[in-house]
Amino acid sequence: MNKKKEIAVVASQEMLADGIFSMWIQTEAAKSAKPGQFISMYTNDGSKLLPRPISICEIDAENEKLRVVYRVTGENTGTEEFSKLQAGDTLPVIGPLGNGFPFEKAAGKRVFLMGGGIGVPPILELAKQMKCGKKQIVAGYRDSQTFLKEQFEANGEVYISTEDGSVGTKGNVMDAVAEHNLSADMIFACGPTPMLRAIKQFAEEKDIECYISLEERMACGIGACLACVCKSKEKDHHSNVNNKRICKDGPVFLSTEVEI
Amino acid sequence: MNKKKEIAVVASQEMLADGIFSMWIQTEAAKSAKPGQFISMYTNDGSKLLPRPISICEIDAENEKLRVVYRVTGENTGTEEFSKLQAGDTLPVIGPLGNGFPFEKAAGKRVFLMGGGIGVPPILELAKQMKCGKKQIVAGYRDSQTFLKEQFEANGEVYISTEDGSVGTKGNVMDAVAEHNLSADMIFACGPTPMLRAIKQFAEEKDIECYISLEERMACGIGACLACVCKSKEKDHHSNVNNKRICKDGPVFLSTEVEI
Amino acid sequence: MNMKVNIAGVEWKNPVTVASGTFGSGAEFEEYVDLNRLGAVTTKGVANIPWEGNPTPRVAEIYGGMMNAVGLQNPGIDLFCERDIPFLRKYDTKIIVNVCGKSTEDYCEVVERLASEDIDMLEINISCPNVKEGGIAFGQNPKAAEEITKAVKKYAKQPVIMKLSPNVTSIAEMAKAVEAGGADAVSLINTLTGMKIDINRRAFVLANKTGGVSGPAIHPIAVRMVYEAANAVRIPIIGMGGITNTADAVEMILAGASAVSVGTANFFHPAVTMEIADGIEEYMKQNHFESVSEMVGLVK
Amino acid sequence: MNMKVNIAGVEWKNPVTVASGTFGSGAEFEEYVDLNRLGAVTTKGVANIPWEGNPTPRVAEIYGGMMNAVGLQNPGIDLFCERDIPFLRKYDTKIIVNVCGKSTEDYCEVVERLASEDIDMLEINISCPNVKEGGIAFGQNPKAAEEITKAVKKYAKQPVIMKLSPNVTSIAEMAKAVEAGGADAVSLINTLTGMKIDINRRAFVLANKTGGVSGPAIHPIAVRMVYEAANAVRIPIIGMGGITNTADAVEMILAGASAVSVGTANFFHPAVTMEIADGIEEYMKQNHFESVSEMVGLVK
């Protein structure tokens, strides 16, 4: 009984790109957070009761602050409500949740850190904390609004892809890998399912150890409701069927463990 | 099609007494408002959808501002939410609604303006606008927190009753009338039903023209849903039964018209 | 692009009407809504004689919605015909008269009386949970629902919409029963029966003890029932229950409703029906629908 | 003052348990809730063999609540007995095992297996709307409900709570049926069947098309059903559906529930059950109740 829902306080909020917001919040969750974990963010509107799981983008453990970067998905959504919060406003959260990236395993290795779209933000804290041989950050965006790019450049070699070709390689992160003829011993990736599917296939073909962060609708965020499962290759020890809970057993999985 | 729900802006808010708040709001509704009318105030929380009908306490038509004075009825209520609003915050409202006090009829008469509890506030604008022979304001409170008393004193002769006897007559407004041996040709009253019942009886016994402002649960506030009816003596022309709508035909009724 | 819909032979200019009992006979909303913008106006239920309705409190707020036990207060068919029909006829919209009663004879009397009136459709409320006799009794039993439909159809000169209760095990069965009885259309859902207790007074919040739950809280249940009914009958469905915005209305149509009624939302957003009519048009444009009927029941 | 309640011969330290499926087997909530503070823990439904459950998405947010179609994923009775019962036994709370199945035989197999286990009560879920076979079929038909109750009672060594579906015309009739079948208690309500459509993708939000609606949105419907059931049967009632705070819980008890289960609220307020247990105690103090049973069904 050491965890609870907490009323976090917004420290700052800014818009990074069209519909993409960055928020620093004051929360105890920062003390124990790891890259690749997420927090459940709750609205202050009684009609919207379920959590919005949002990945941790940066951690300032000392000052007990977390940064989240998120996309407003539409009108009258929870994320739209979040985007209107200002410094001093409150925000109920639970976290940190999930397993996080096993970045210790990267020591000495040549690594791809791959992020696509709104999967880019969690890669930042990972890039900051990871110690490895060669840190190759491959970030895929829609267009020239390459949010967080400067911060990535301070933390590794950066390759950019954009769907419209306005910056870096035209196409997705795999196109950037191909264009620059990059290679790696290990992959950490977060992004839309089609991107993760391509990365998983690439990694398995080349026998690269690959960790991917998955997404699913959640209700509890803590492993109790069985809403957020993905298909696992083996029978999961908890569920006794071929299902793993993304919120609790993930969101980060070894690519060979799961079917997507 | 000249009316609409409007997003009013809070101009100021203060606490007048324990759990009693006063708020000035910027709203077009001020332009046409009359004493005894009310506004429907809506929460910003999607779980609480019905209006909170609140009487108009003061009108500043020129600056398009209205004052409401209201009681927070409990935790997690709409009125509690209102009490947390600060200058600049928004508040959806519809109004002005209802008929208001027919105060023109008071010209030259000796009048009682009677308010009890949270029925005191609407008496203020009435006292300010009413022109009459003798303006006797009788206000009943719970205890020594006699909110709005100073403003009443600037607008007529003031008699106070308190339930605990800490200020003025111990008891209710009728006790104050008795103690001071007051008399009148016309009464305007707002307050809890038992008080209105006593006033109605008093007025009818003495054959005094008496207007009382009633309360009932509302859903539409504009006369469409038939939620807020009271029993009327005669068949109401609109309903064709012995019911009148408090939101539309009232909230102010000639005491002999209604049964309470 | 065509916003028109044809409900049992009656052409509405758009698929948006109001739910009975939430809009009076339109007069009170005249200041907030241009009634010409509605496909139809559905009136508050009317009986053969005036009804007083239930004691107050008649409404209560609930989480994400409300509960009512108005009990079908109404001025009776005579005053209704004299005052409300001429009022509505001034507008370019269809008139749907909602009919209530305590016995088959009551319903038939009103329907017969309306046969000679200038109105467009009849909606027969066999699903009001707030009156002791009649109403819901017909609405929770397929045989009784079929019988009353047949009886009413004998007297009806206008197309008959049967309004169904959600307080049943199988809405599909109820829809089939009224279709078998000759209904020209069905509307659903009426309110779900609920109860609220004031724990401080230790008493029911509504004088009637129970009331009908409406508003956004019931929307997903309504969508499911519209879907089930649409898969059970061929007659058109007017979908309602918690519709509060364009998305809710479109959802109902995609589930199988040929038109939609907006109820409780009128109380907290009086202009909502106009916004929804515009919103549906906008949605159709963006998604390249030529007519409303293309959308009806599209999601299977 | 006495917070204890006696449900079919089993004494709980207070009237608060969790609704099946919203609390796992307690392990995941151990970090958020002191399980010793609960009158009982009701486990996620368990079947004779492991079930995979439904495809994702399995949940959707709805106005004032949620919809789920988890489809009773569970590890099967063997792993359950081996792992979950010993885990729960570490705590000073009663254990209610929720049982699901696709056929009478399935249910009986699990119940028989549990006869020799150290658990306190059985809750038989005949009301899950999210699995094709079984479940709801028993829960929407009084005869079938009575029969399965009888069958299960033959094998049961612990008191049997029958869990009822709200998707019925008469909850009173269902409660009477399971009472006639020998049920020791009833619990209600399970979820109301709902549907949500994504109008942009023009597809169902849940992979299962329909799902069970839960959360505050359904609370007034649940209170009404508890009231109706309480007036129909003598066996105790465990009330649930949208309980989110102390007032909601007290309301259920005043309506006729001897104990309450908190479900969906755990998802957005993990410590809610402890707060409600404290809140009920506080309410009893303030209102001078000596025991919970004095409050049960007090509002008539």
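The first chain written gets the first letter, and so on, giving A, B, C and D; residue counts start at 1 in each chain.
The rule we apply is simple: contacts are C-beta pairs under 8 Å (C-beta built on N, C-alpha and C of every residue); 3 or more make two chains touch, one makes a residue touch a chain.
The structure presented is a predicted model; accordingly, all values stated were derived computationally and were not measured.
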A correct list of chains touching both subunit C and subunit D reads A, B
Distance-wise, how many Å sit between the C-alpha centres of subunit A and subunit D, to the nearest whole number? 35
Determine the centre-to-centre distance between subunit A and subunit C, using the mean Cα coordinates as centres, and give it in whole Å. 47
In angstrom, rounded to a whole number, how far apart do the mean CA points of subunit A and subunit B lie? 55
Multi-chain contact residues (two or more partners), subunit B: 46-48
Where subunit D touches two or more other chains simultaneously, the residues are 63-65, 216
Classify the inter-chain contact topology: is it line, ring, star, complete, or other? complete
Seen from subunit B, its contact residues with subunit D in the complex are 46-47, 76
Could you list, by residue number, the parts of subunit C that touch subunit B in their complex? 21-24, 28-34, 44, 50-53, 56-61, 63-66, 68, 70, 73-76, 79, 215-216, 264, 266-271
Where on subunit D is subunit B touching in the complex? 63-64, 216, 245
Over in the complex, which subunit B residues touch subunit A? Could you list them? 44-48
Mind pulling up the subunit A residues that touch subunit D in the complex? 1-5, 42, 46-51, 94, 216-230, 238-243, 248
